[in-house]
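One chain, chain A, links the two complexes that follow: it is found with chain B in the first and with chain C in the second.
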Partner chain A sequence: MGKPLNYSYYPGCSLHASASEYDLSTRELFNVLGIGLTEVPDWFCCGATPAHNVDELLSLALCAKNLELADKVEGDMAVACASCFSRLKTAQHVLGVSDVKRTQVEKAIDAPVKLDSNVKHLLEILAKDLGLERLAAAVNKPLSGLKVACYYGCLLTRPSDVPNLDCAEAPTIMEKVIEAVGAETVAWTHRLECCGANFTLSRPGVVIQLTNAVLESAKAAGADCIMVGCPLCHGNLDIRQKEIEGVYNTSYGLPVFYLTQLIGISVGLGADKLGLDAMMVNPMPLLKEKGLL
Partner chain B sequence: MIKKKMIISQETMDVDFVRKVEALAGTSVRRCFQCGKCSAGCPMATFMEHPPNRIMRLLQLGQWQRVLAGRSIWYCVSCETCTTRCPNTVDLASIMDALRKLSWDSDGASKESYVQLANKLFLQNIRTYGRQYEMRLAAVFNVKSGQFLKDLMLGPKLIAKGKLKMFHSKNKNISEIEKIFTRIEEMRKKGDAL
Partner chain C sequence: MSRIGVFICHCGENISRTVDVERVAQEVGRLPGVAFSTDYKYMCSDPGQTLVKKAIQEQKLSHVVVAACSPRMHEKTFRKAVEAAGLNPFLCEMANIREHCSWVHENREEATVKAIDIVGMMVERVKKNRILPTITVPVTKRALVIGGGIAGIQAALDIADCGHEVILVEREPSIGGHMAQLSETFPTLDCSQCIMTPKMVDVANHPKIKLYTYSEIELVEGYIGNFQVTIKKKARSVDEDKCTGCGVCMTKCPQKKIPNKFDQNIGMRTAIYVPFPQAVPNTPVIDRDNCTWFKTGKCGVCQKVCGPGAIDFEQQDTLIVEAVGAIVVSTGFDLYTIAEKPKGSPIKGYGEFGHGKIPDVIDGMTFERLASASGPTGGKILRPSDGKEPKQIVFIQCVGSRAREKGISYCSKVCCMYTAKHTMLYHHKVHDGQAYVFFMDARTPGKSYDEFWRRSIEEEEAVYIRGMVSRLYQKGDKIVVMGSDISVGVQVEIEADMVVLATAIQPQKGADALAQKLGISYDKYHFYSEAHAKLRPVECATAGIYLAGACQGPKDIPETVSQASAAAAKVMALFSRNQMEREPIVARVREAGCVGCFACKKVCAYGAVEEKEIRDRQGNLIKVVAYVNPGVCAGCGTCQATCPSKSVELDGYTDEQIIAMIEAL
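Our next item is the complex of A and B:
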C-alpha cells in the first residue's frame, strides 16, 4: 500500500439532487478503496455553463471562492461532475494567464486566488493516484462479459490545454479504468460528441436530437450499457431515453451508469449502496443476465 | 436576420466592438484564417444561421450587428470542440461567451428568450441560495416560459426516484455570495471591469 489518499470533495449541485446516486456511489466506492473524502464546507455552485455564458467574471469569482473554501480541507480537490471540474480547471487556467482578470477576481472575492491546488476528476484519482493495479486488486466481482460504451462527452477532456485529464481527441482513461475491473469496452463513434447538456431545460428538442445520435451509436457498436462521469450527460442519456425512443420509434434499452456505480459493482457493493434504483432505465435485467447482482 | 447586402467600408466596420470581444475572450479574432474546422465539428452548426467560422469572418469585418441580430450565439452549447480543434489556437468558445455577454448587457435584439430565461433563473438561484436547486429551476422556468405542461410526465417520476428535492436550504455562508455579486456590480459601475 502507498501513502493514504485524502481529498477535499466537491460534489456540485447535481450530486445533491438529480445525481444523488453518483454522490452515494462515490462515497461508498471510495470508502471501500480506502480513499478519504472530506466534503468542502459550505461550497457554492461553480456557476456552471449559465454563468460563463453571460458573465465570465462571475464564473471565475465563484470558482475562485470554491478553490479558497477547498483550501481549508487537506488534500487535493476531488470533483465528480465533469462540468464543475471543467469550470474549476478553466478558472485556474484563465486566472493563471491573465493578470487583469486575476486582479478583478481578487477584488470580487476580497481574497487572494489559490491557483496551486490540484483539482482532480474522480477518474484521475482512480487511474493515476490510486493506480489501475490497486484498483484491480480491490475487485472481487469482475465485470466480465459486460460490454461498456465509455462516454466522455465534452468537458472531461476539452479544450486540450485546460483539463489535462487525457488527450482531448482520443482519450482512453475511462476505458482503462473500466477494463481494469474486468469489463469489455466497445469502439464507437460518438463517445466525444455533445449530448446537448443544459439545453435540456431550454431547448429539449435539440437535446433529443443530439442524445439520440449518441444512443444510436452506442447501440450499433454492440454495447450493453453506457458509462458516464457527468450528471448532465447522465440526465440526457438516462432520463430522456424513453422519450427519445418514442420520438424516433425505436428501442435502445441501454442502462446508463456512473463510473462509480459500475466500479462499485465490481468491488462487491450492493444495489442499495450504489443507488441503482434511481436509474430510469432499469439496469437489473442486464446485471442479472451477466451474473453481476 | 439582416438580409440586406453587406457593404464593407470604414463606416460599417466597427473595430472597437471587436477589440472588446478580444479583451473579454482573451484571444485573437484576427488569427482566424477560415479553415472551417470549427464549423465542421460544431454539434449545433445545423441550428445556426451563422456557423462559427462565419461568425469569425463577420467579426473580422467589423459586422458584429449581424452576429448579435441572429440566434447563433444562443445556440452554442459550450462543448469546446471549436477551441480544441482550431489550428490557430483561437479560443472560439470564449469568443461565444464574450458575444453572449455583450448581447446580454445591451439587451440586444438577439435574445433567444428560453436560453436567456434559463440562464437568468440559474444565476438568480445561485445568488439567493448559494447552490442550484433543479426542482425550483425547472418549475419556475416552466411557469415563466408559459410551458406549464413541459416535461410534466417526467416530474413525478423524478421525484419518486429521489432525483428532485422538494425542499432546499440556504448555504450558511450565503452572505458571502451576495457580497461577490455586489462587488462585481460595483466594479462595473466604476468602470473597473467589463
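Our next item is the complex of A and C:
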C-alpha cells in the first residue's frame, strides 16, 4: 500500500441536485477504496457556462475563491463534474498567464490566487494517484462481458493545454480505468463529440440531434451502456434518450452510468449505495443479464 | 604623440539640425592629441573624402576620427579613403553622432554636448588602435554539395559548369530527392520526371562532378576555403564499377514485398533494388535488413544470376576524406506525419484524424505517387485499402502548418498550390468524381499561380470550403469528414472515399545533427538559419557554407532552383580568387597568460579555437594554449568576454580601447 490518499472534495452544484447519484456513488466508492474526501467548507458555484459568458472576471473570481477555500483542507482538490473541473483549471491557466487579470481577481477575493494547487478529476485520482493496479485489487465483482462506451464529451480533455488530463484528441484514461475493473470497451467514433450541453434548455432541437449521433455511434459499436464523467452529458444522454428514440423512431436502450457507479458495482456496492434508481434508462435488466446485481 | 584628425559631418541636415557641428569641431579640436578638426556638409561625398585625404597628407595625421553616421553605413568608405592617403585603414574610427545622437534627441544644447562626448570617446579609443594587417586565406577551389535533390543538383551543375570540381553527397541510393517523386508540377502541369531526369543524367555524366550516393557526412573540419570533409560511403553490397545496371538481380530476388519508401510505402520493391527505374546511378543496393542472405545466410540468388559478378556481400562501409573550399547544404524537407508523437515533443499529432490510422487518409506526397505514371498504380487514383476509385475526395490544407496549438506556427507555402494541382489531376483522371478542399485561405503569390488556383475552381470544378476539419472517422468503407464552412457559418459533413492531407513541410530528420557537424545554426523547427533574412539569404553565418532549398524554409521548385543558383554564384565568387582577404577583426591569444582552460573553445560558435602546444628548444612540452584560427574567427568577441585570465582579445575591440573610451567620459 502507498501513502494514504486524502482530498478536498468539490462536488459542484449538480452533485447536490440533478446528479445526486454521482455524489452518492463517489462518496461510497472512495470510502471502499480508502480514499479520504473532505468537502470544501462553504464552497459555492464555479460559475459554470453562464458566468464566463457574461463576465469573465466574475467567473475567474468565483473559481479563485473556491480554490482558496479548498486550500484550507488537506490534500489536492478532487472534482467530479467535468464542467467544474474545466472552469477551475481554466481559471488557474488564465490567471497564470495574465498578470493584469490576476491582480484584479486577487483584489476581488482579497487573497492570493492558488495557482499551484492541484485540481484533479476523479479519473485522474483513480488512474494515477491510486493507480490501476490498486484499483484492480479492490475488485470483487469484475464487470466481465460488459461492453462500455466511454464518453469524454468536450471538457474533460480540452482545450489541449489546459486540463492536461490526457491527450486532448485521442485520450485513453477512461478506457484504462474501466478495463482495470474487468469491463470491455468499444472503439467508437463519437466519444469526444459534443452532446449539446446547456443548449438542452434553450435549443433542445440541436441537442436532440447531437445527442442522437452520440447514442447512434455507441449502439453501432456494440456497446451495452455508456460511461460518463459529466452531469450535463449524463442529463442529455440519459434523460433525453427516450425523447430522442421517439423523434428518430428507433430504440437504443443504453443505460448511462457515471464512472463511479460502474466501478462501484465492481467493488461490490449495492444498487442503493450507487443511486441506480435515479437513472432514467433502467440499468437493472442489463446488470441482471450480465450477472452483476 | 598622436596627430589625430577629426572630421564632423552635417549629413545634410540630419546631424546639423540638432547638433551644433561647428561647436563640436571647435571643442574637440582642443583635446590633447587632436591636430586638426573641421566640419563639412557631406563627408561621405567625393569632395568630403578628398578633404580627409588632403588633411592626412598636409597635416601629417596619424589617426582619423570621422563623426558621422553608423559605422555600418560608411566605415568601409572612410577606411578606404584613409588607406588611399597612405594610412593603415584600421587607424580610422567612426563616431556615430547620427543614429546615436541627432536622430534620437530634440534638445540642441544637450545633443551637442552628447556629440562632443561621443567624439571625445572615439578620440581616446583611436589613440590605442594598432596597425592591423589584412588576413589572407588560401582557397581550395572544390565545392561540396550535401543533398542531391533539385537544389543540390542545380547548385552542383552551376558550379561544375564554371569549371570547378564538385563533390555531391546523397544519403539515398539515388539522387533526385522529392522532386523525382512528384507527378506533375504547378503551375504548368509539366511532368516532374521529364524535367528532372535529364538534369540527373547531366550530374552523372559531368566530368567535374564526383557523385557519392548512399553516403553521409561523418565529419567536417577546417574553415572557409579549407574544409576537410569525411564522407561515410555505406556498403551497397554491389560493386559500382562492375554493375551494368541490367536489373536481372531485381527480377530474381525472392523478397518482393518490401514497402518502397520512394512510393510512400504503397508500392513494393525487392530486397536488392533501385528506388525507381530512372535512378541515378542505376546501380542497385541491397537492403540488408530485409535480405534473406543477410538474415539467414541462405539464398544468394542475386549473386548467382549476376553476369558481371558485381554482388559483394562482404562490402564494408568506407570513409573517404575530401578537401573542399566551400559547402552548399541542400538537405531538403520531409513531410509532417499526423501519427501520435512521443512525449516531450512540441508537435502533437492529430488524434482527431485518428493519428493516421485510417488507411484511405493519405498525405500529399502519397497522392503524387498515385497520380504518377510511373507510380505503384500506373497513374490511376485508387484507394490504398481496397483499390477502388474514390468518387468523393476531400483535400484538407494546413494540416500541421499554421497550427500553433499543434506545435508549428509557420506556413508551408507550397500546399495551396499543390492541392489545387491535385484537384486538377483528380478531375482529369476521375471524370465523374468530386473534389472538395477545406482551406483557411489560398496563398498563391507566384507568377501564374493565382490563375492556376482559379482554374481548379472554375474549370476543374473543385469545391473550396473555407474552414477547417474537426474530425475524421471511418464509417463502413467511407470516411466521415466533419468540418465547418465559416463563410456561411454552418457545419459540414462529407462522406468521402479518400482524404488527402496537405501536411506541413519540416526539415529532413537529422537536420540538427548535420548542422552540429557543420557548425551552422538552425531555428526551433530545425530549419537552417541564413546570415541575414533579407540581404544574405543564401549564406550561413559560418563563412564558406551556403544554403539552398527547403532545408532553409519551405519552398517550391522555382524558388529552390533560384536559391541553388544563387548559392552557386556565391561559391563561384569565392573561387574567383586564389587567396581570400578578410577583415582582421579577429581574436588573438596572449600565449604567456593563457592557462589552457579552453573556456573560449567551449563558447566559440564558429569552432575557431584550436589547441596549440608550446615546446621548448629541446622539444619538451611546456603547456597547451588556445590558438584562434584567423580564417575561421568571426570576430564576435565571446571568447574575450569568457576568458578568466584576460588572455584573449579581439583586435580593434581590446579592453584597453574600451576602457580608454569610458575614461574619456
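Note that the second predicted complex is superposed on the first by the 293 of 293 C-alpha atoms of A that agree within 3 Å, B and C clash if a C-alpha of one lies under 4 Å from a C-alpha of the other, contacts with A are read in each partner's own complex, and residues count from 1 in each chain.
Methods note: a residue touches a chain if its C-beta (ideal position, glycine included) is under 8 Å from a C-beta of that chain, and two chains touch if they have at least 3 such contacts.
All figures in this text were calculated on a predicted structure; none of them were measured in a lab.
Novice: After the chain A overlay, clash or fit between chain B and chain C?
Specialist: clash
Novice: Once the two complexes are aligned on chain A, which partner has more residues of chain A within touching range, chain B or chain C?
Specialist: Looking at chain B versus chain C, the one contacting more residues of chain A is B.
Novice: Is A:E56 touching the first partner chain B, the second partner chain C, both, or neither of them?
Specialist: It touches chain B, and chain C stays clear.
Novice: Once the shared chain is lined up, is A:S160 touching chain B (first), chain C (second), both, or neither of them?
Specialist: Once the two structures are laid over each other on A, A:S160 reaches both partners.
Novice: Is A:E193 touching the first partner chain B, the second partner chain C, both, or neither of them?
Specialist: both
Novice: Quick one: is A:A168 in contact with chain B, with chain C, with both, or with neither? Answer first, second, both or neither.
Specialist: In the superposed model, A:A168 contacts both chain B and chain C.
Novice: Where on chain A do the contacts with chain B and the contacts with chain C coincide?
Specialist: Shared contact residues on chain A: 159-160, 168-169, 193.
Novice: Enumerate the contact residues on chain C facing chain A in the complex.
Specialist: 340, 348, 350-352, 354-355, 405, 471, 473-475, 480
Novice: Could you please specify the touching residues of chain A with respect to chain C in the complex?
Specialist: The touching residues are 159-161, 167-171, 189, 192-193.
Novice: Give the list of chain B residues in touch with chain A in this complex.
Specialist: Contacts found on chain B: 24, 26, 43-44, 47, 75, 77-81, 83-85, 91, 93-94, 97-98, 100-101, 104, 114-115, 117-119, 122-123, 125-126, 130-135, 137-138, 141, 150-151, 154, 157-158, 161-165, 171-173, 176-177, 179-181, 183-184, 187, 192-194.
Novice: Okay, in this complex, where on chain A does chain B touch?
Specialist: Of all residues in chain A, those touching chain B are 13-14, 16-20, 42-45, 47-58, 61-62, 65, 86, 94, 97-98, 101, 104, 107-110, 154-155, 158-160, 168-169, 193-194, 196-199, 201-204, 206, 210, 239, 243, 277-280.
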